[in-house]
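See the structures that follow.
Two complexes are shown next, each including chain A; its partner changes from chain B in the first to chain C in the second.
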Partner chain A sequence: MSKSTAKIGKSYVLASTIISALIIVLVFIILVANSWQAVTEVGWNLFSLRWNAPSDEFGILSMCFGTAIVTLIALVLAVPLGILTAIFTSEMLPSKLRIPVKSLLELLAGIPSIIYGLIGIAFFAIWLQGFFQLQSGRTILTAGFLLAIMILPTIITLVDDALHNIPKQYHEASLGLGLYKYEIIKNTLLPIAKADIYGAILLAFGRALGETMAVMLVIGSIDKIPSPFFDVLSPGQTITSKLGREIAETSFGSVHFSAMIFMGLLLFSLVLVITLIAQRANKKRIRLYE
Partner chain B sequence: MKFIFSLSLIAILLFSCTKKESINISGSTTVLPVISNAADAFKKAHPDVDIIVNAGGSGVGMNQLGEEKTDIGMISRDITDEEKTKYPNANFNVIAIGKDAVVAVVSSEIYDAGITELTIAQLASIYKGEVKNWKELGGPDKEILCVDKEASRGTRHVFMEIVLGDKEAEAPGADLVLGSNNEEQTAIVQSDAAIGMLSNAWLNDDVKGLNIKMSDSTSIEPTLANIINGTYPITRDLEIVTRGEPTGMIKQFIDFVLGAEGQNMVEEAGYVKINR
Partner chain C sequence: MNSRKIINGLFMNATRLAFIFCAVVLVFLFGTIIWKGSAAISIEFLTQPTESFGASGGIVYQITGSILMIITTALITFPIALGTAIYRSEYLKNPRAQNIADTLIFSLNGIPSVIFGIFGLIFFVNILGTGVSWFVGSIILAMMILPTLVLCAYQSINSIPSIYRESALALGMTKWKVITTVLLPKGVNGAITGLLIGIARAIGETAPIMFIATAFSGVQFPSTLLQPVSALPTHILSLAQQATNPAALQNAWGTSLVLVFLVILFSLSGLLVRLRFKKNNI
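Moving on, here comes the complex of A and B:
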């Protein structure tokens, strides 16, 4: 490669980076600009419990609560299952089977989220309704379950890669010391892979926060916090589901629209903060094997 | 060689972009079946026109029409004053293409257990959350699953106008908030103690329509005959809306819907023709 080709290559790569970064900045600016009207006109009432557009009440607290609970359920279900599965695929599976099994699990990640939503309302909600003897299977728990299945492949793949990338020396040294298999995994491998595992969990958290279609179909869309707040067997509402159902009916430039964009801004900022934390955690870790 | 290949590729791409005249229609899921079938038939007769039909609900239809994202809006209620002030330059032109009723529907198990008619006041008390169990209305001992609709849906506006007195009334007794007529129908079929509001054309074996018990104790059934003679209290016109007077292909399509073939499709969908 001549010197000028190298320069063109460098500027091309730089331009691509700048464009990608610019998109994030632009999205953020647009969100802030459009939510400004709601912040000035509704102010602190944005954090009330009542959402009733015709009477200009835009309280988003119920939606924030729903998002938090649904994501929490998804993480509680998916993280232990995901980490244990990843330990199995990276440590206990014969190496010949590892690639096919991993590919199969990664296939789960490729299923469009609307399919999960359809399976949710057609089968899963009905099953839950019968199991818990509920009026309707469209509940916060149903949404949490579906989200857990959706973020499982992400956790499995990332944690499996993290464990698999630990150099063989550590494994062999532990074997040489006479440790049992579970001791090797628990005391040697998992602590080394800890930072990557946290990164995987945060990534899955980000995905669960932003999932719209599947949650929208099964959560029941009631803009209220359930009566005892921990009653996950009642319908609720999340930020993404609310946006999915109502954004098309609001007219651009109205306070209603602005309040919805404000919710979107909250979600966007949360995902941004989580990603930044995940990256900082990665940097801080001392790479033992480099 | 590569140059000729890429040149021919670009040529093929450019030539395949033929400009068809296209009509965009969106809005009420109640009017959708009629317009969908009419669009298919119209496209067969006029192959140079492309008609794209979307749903979304009456509110979405008016929104998109006002913001000039669509050519024809479908609504199953009146245009609200807010929509008129939001889009002062839109010059909405309303054309009725059929008549329909909004029926209070219950799961077939409740209907078979004896609840076949309710008064408007009883419906109001269910949606206000005052009545929570079917046994309070003479039915089986099951909790009522009260299914509501999104606030901008035409079916809800018409229902709430009559039942709660205000088309944008809140329903504190609602247990689920759903969207299109299809989604609501699915929810009522899946439950055995549900009540909801649906267009007359969506009734079937699992979703039964209730009679309305009037104040003089007569029971009005939600049949096409009662919609035509006006005795069923919750009726509405099915309407399509354009910006200003329709011209060109849009006018031809609207004339088609109002003509004999289009009105037959209105009847086939389960509604009432507009010109009886």
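Moving on, here comes the complex of A and C:
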């Protein structure tokens, strides 16, 4: 009796593990299989500029550009701001306040992205429209700005943890050398926390690349690279916003559908590589002396 | 005044400014959601069905739809996560196999939610022919939050000192008996914490379910597994797309407040459960 329960139990835990491990493999296979049609029928023309489904033109470069520039704007705004804020919360904020502030930030990170999107169209888009005298406030810059706010809590919490986990001795030894706080942070704390900070940035990068709902609502959804290309006050399209807007209306099995899945596969692979690099970076920690 | 002192002062003020800016953003975001949302919320709003595409009426079917989906998500993902955590900590001893299993499971965590949506659209709706159904939505959400649960359960099982396992084995228990009597209670606690955190994330997700599980209007409580439901996040999406209509926008804020309330409820209970289990530690 007990022997057979043990057998059933062991096969249950083994089966669970196999299911868990195979999910990502299945997702990958499905994406590859469904983008194959686009790869064979459109070929290198996938990497061109024009996307026009009725005339069978499926160039995904505009969407790739959109994803790249929106993510770039978000990181350029959020990384310095996030690191400075984390330095404040870990080094200057009274320790009584640190935990409440961090909990609030974590709640902020938990707000669903669709609500960020709502705030984006109800406020940011209108502010930008008024400020720059635009026809529509739904632009690449709006999306980048919104995304920066969305990834900010992630960066702050992780960098704050990294700085806070450095043993106090390092701090005290630097203080004993007569250094100013700025010098301690720049020469002692930041170099030690460097690996963790890179990890935080990578994580935020991955999140920004894959963000869909908020970006979809505020980017304006025009499949074009603006001219000149750095004109971020014009509407654009990212891979995620394109998928979110169009995939449900595309018929399964068409080249159009397949080209969309190809974009999804590209995004999937990119995020996967970033996640793996972040995991590796996490393992290689320098040894600290307590 | 030397230059070192000036630079120090400038830097310190820069960090202060950055912090103030973030605090203002935080207050603005929470303030907006609470302020705008509370203007829309009333008993009728929470208990009436939706009328005229969301511009009037309430959100009772969106609330029940979301709750139904996350309960099913929890039922699907919990046993699988617990089993995986037990196998990973008690049976899988080869470091290479451990590494591969970890990489496969935790890579899921970073995958963009829209990718889960298109995977569900291809695999369930088109290949398996389920159609748009809330049950498929639950399966997809379960896949999405699985790594969180596995990690939490694994950490709490792994934190049990080996001496407990050895003592139990010395009493003549079989390995499986040790797992069910000594390790499982702790693992269940960990998995519950993970579940609450995972659900706080799953309930707010729009992209994975909008193609495969939800319909925007005219949906009531589903009577079979294969019917669509209406959910809170997708309802906000459809209202946000009619943002020029002030009544629709008003209801979007009301729905957002309800959703944020649920998210915070699950996150806080996750936190409390974790703290309580820590206190009762062996």
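Methods note: the second predicted complex is superposed on the first by the 263 of 290 C-alpha atoms of A that agree within 3 Å, B and C clash if a C-alpha of one lies under 4 Å from a C-alpha of the other, contacts with A are read in each partner's own complex, and residues count from 1 in each chain.
Throughout what follows, contacts are C-beta pairs under 8 Å (C-beta built on N, C-alpha and C of every residue); 3 or more make two chains touch, one makes a residue touch a chain.
These numbers come from a predicted model, not from an experiment.
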| item | value |
| --- | --- |
| First (chain B), second (chain C), both or neither touched by A:31 | second |
| First, second, both or neither for A:235, with chain B first and chain C second | first |
| Touched partner set for A:136, first chain B, second chain C, both or neither | first |
| First, second, both or neither for A:118, with chain B first and chain C second | second |
| Which superposed partner A:172 touches (first chain B, second chain C, both, neither) | neither |
| Partner chain(s) touched by A:221 [first = chain B, second = chain C, both, neither] | first |
| Touching partner for A:252 - first (chain B), second (chain C), both, neither | both |
| Chain B versus chain C as contact partner of A:149, first or second or both or neither | second |
| First (chain B), second (chain C), both or neither touched by A:16 | second |
| Per-residue contact with chain A, leading partner among chain C and chain B | C |
| Intersection of chain A interface sets (partners chain B, chain C) | 121, 248, 252 |
| Contacting residues of chain C [partner chain A, same complex] | 4-5, 7-8, 11-12, 14-19, 21-22, 25-26, 29-30, 32-33, 79-84, 86-88, 90-92, 100-101, 103-119, 121-123, 126, 143, 146, 150, 174-177, 179-180, 200-201, 203-207, 210-211, 233, 236-237, 240-241, 243, 249, 252-253, 256, 259-260, 263-264, 267 |
| For the chain B and chain A complex, residues of the former touching the latter | 56-57, 59-60, 63, 66-67, 86-87, 143, 145, 150-152, 168, 170, 174-179, 186-187, 190-191, 193-194 |
| Residue ranges of chain A in contact with chain B within the complex | 52-54, 121, 125-126, 129, 135-138, 220-223, 235, 245-246, 248-252, 254 |
| Chain A - residues contacting chain C, complex | 2, 5-6, 9-10, 12-17, 19-27, 30-31, 34, 80-81, 84-85, 87-89, 91-93, 104-108, 110-115, 117-119, 121-123, 149, 152, 156, 180-183, 185, 203, 206, 209-213, 217, 240, 243-244, 247-248, 252, 260-261, 264, 267-268, 271-272, 274-276, 278-279 |
